[in-house]
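I'd like to ask you about the structure that follows.
First chain written, first letter: the chains are A, B, C and D, and each begins at residue 1.
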Amino acid sequence: MNGYDANKDDLQKRLRRIEGQVRGIARMVDEDKYCIDILTQVSAATKALETVALSLLGDHLSHCVAEASAEGGAVADEKIREANAAIARLVRS
Amino acid sequence: MNGYDANKDDLQKRLRRIEGQVRGIARMVDEDKYCIDILTQVSAATKALETVALSLLGDHLSHCVAEASAEGGAVADEKIREANAAIARLVRS
Amino acid sequence: MNGYDANKDDLQKRLRRIEGQVRGIARMVDEDKYCIDILTQVSAATKALETVALSLLGDHLSHCVAEASAEGGAVADEKIREANAAIARLVRS
Amino acid sequence: MNGYDANKDDLQKRLRRIEGQVRGIARMVDEDKYCIDILTQVSAATKALETVALSLLGDHLSHCVAEASAEGGAVADEKIREANAAIARLVRS
């Protein structure tokens, strides 16, 4: 069981939409669309990916990390360390 | 003619790769992969989109904005204003 | 007791350094330094603030959130919800 | 002459405010304020620094880069290359 289990449909819908956005950006390049209009779509796709990441991370903290913390011990410490590293990657990306 | 004309193949290659990354993330969700591993891929796709944006923006400044500035006048001002707005969207996304 | 208790000296040192960086940026503006050199310092100060945020957040998850999760109940849910909101603000800033 | 010349007062005012924000964050740490409240202030200071960066960059493009482009040649190319590198640092910070 994963933290995102209850949100799987929503995540899939968002990811399919992002995949379509990226395909649309490739098409804009192909059709020589204006740079600034392409950039607007790239910013939108980036924001949509961030929303997916925040959703996954929120579910992970609410479930995996919360449950490991309730049990305590080395596994809990490792889950926290791992979540912190994922947050750092996200903030810096 | 667009600023990115000379980089079209490279852009298309990058965008196809990002499209594949996003499809891979959807598959990971489908196969109940571990949240943190999915997040790592989302961060990678986000960074790849940022690289595309920086490439498009660099080409835009080097060509469209530089040429408009060389001509001067209201068109040049408008190009600069437009580029600034695109940069702001990018920095804040 | 706060999660960052054991890191207080380190945090204070970092924050004093960032305060000095910001004062230095103001001085560069005052002395008409070159825009790009000022921008380099602004990027450095921004990154330093992000490091402070990631340190605070890591300590918060390791202590406050982990302890609340160990106790469970509504307080634990609220701590997680609050941490998720802080992470979202950070990722989007 | 720098691009930000006409905005010097505004920049100085913003930077003094950010310096005060950072000093306030150090005081919050000193007074053992709640982690999440400190994080909110760190996000606000980070956003304020980004606004300074976007203002400096906008002025730089409108003046230094536009003027160099109007003259053309190697200096113009170098200005564009330098601006692109500054934008990349900003987007990745």
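One rule holds for everything that comes next: contacts are C-beta pairs under 8 Å (C-beta built on N, C-alpha and C of every residue); 3 or more make two chains touch, one makes a residue touch a chain.
Chain by chain, the UniProt names read as follows: A, B, C, D = Transcriptional regulator.
Every value quoted in this text rests on a predicted model; they were computed, and no experiment measured them.
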Greatest separation from chain D - chain, by CA centre: A
Angle of the C-alpha superposing rotation, chain A to chain B, to the nearest 5 degrees: 180
CA centroid of chain A to CA centroid of chain B, Å: 17
Rounded Å distance between chain A and chain D, as computed from the means of their C-alpha atoms: 27
Where chain B and chain D are represented by their mean Cα positions, the distance between them in whole Å: 21
Interface hub residues of chain D, defined as touching at least two other chains: 50, 53, 57, 83, 90, 92
Residue numbers on chain D that touch chain B, as the complex places them: 50, 53-54, 57-58, 61-62, 65-67, 69-70, 72, 76-77, 80, 83-84, 87-88, 90-92
Residues of chain C defined as touching chain D within the complex: 2-5, 8, 11-12, 15-16, 18-19, 22-23, 25-26, 29-30, 32-36, 38-40, 42-47, 49-50, 52-53, 56-57, 59-60, 64, 82-83, 86, 89-90, 93
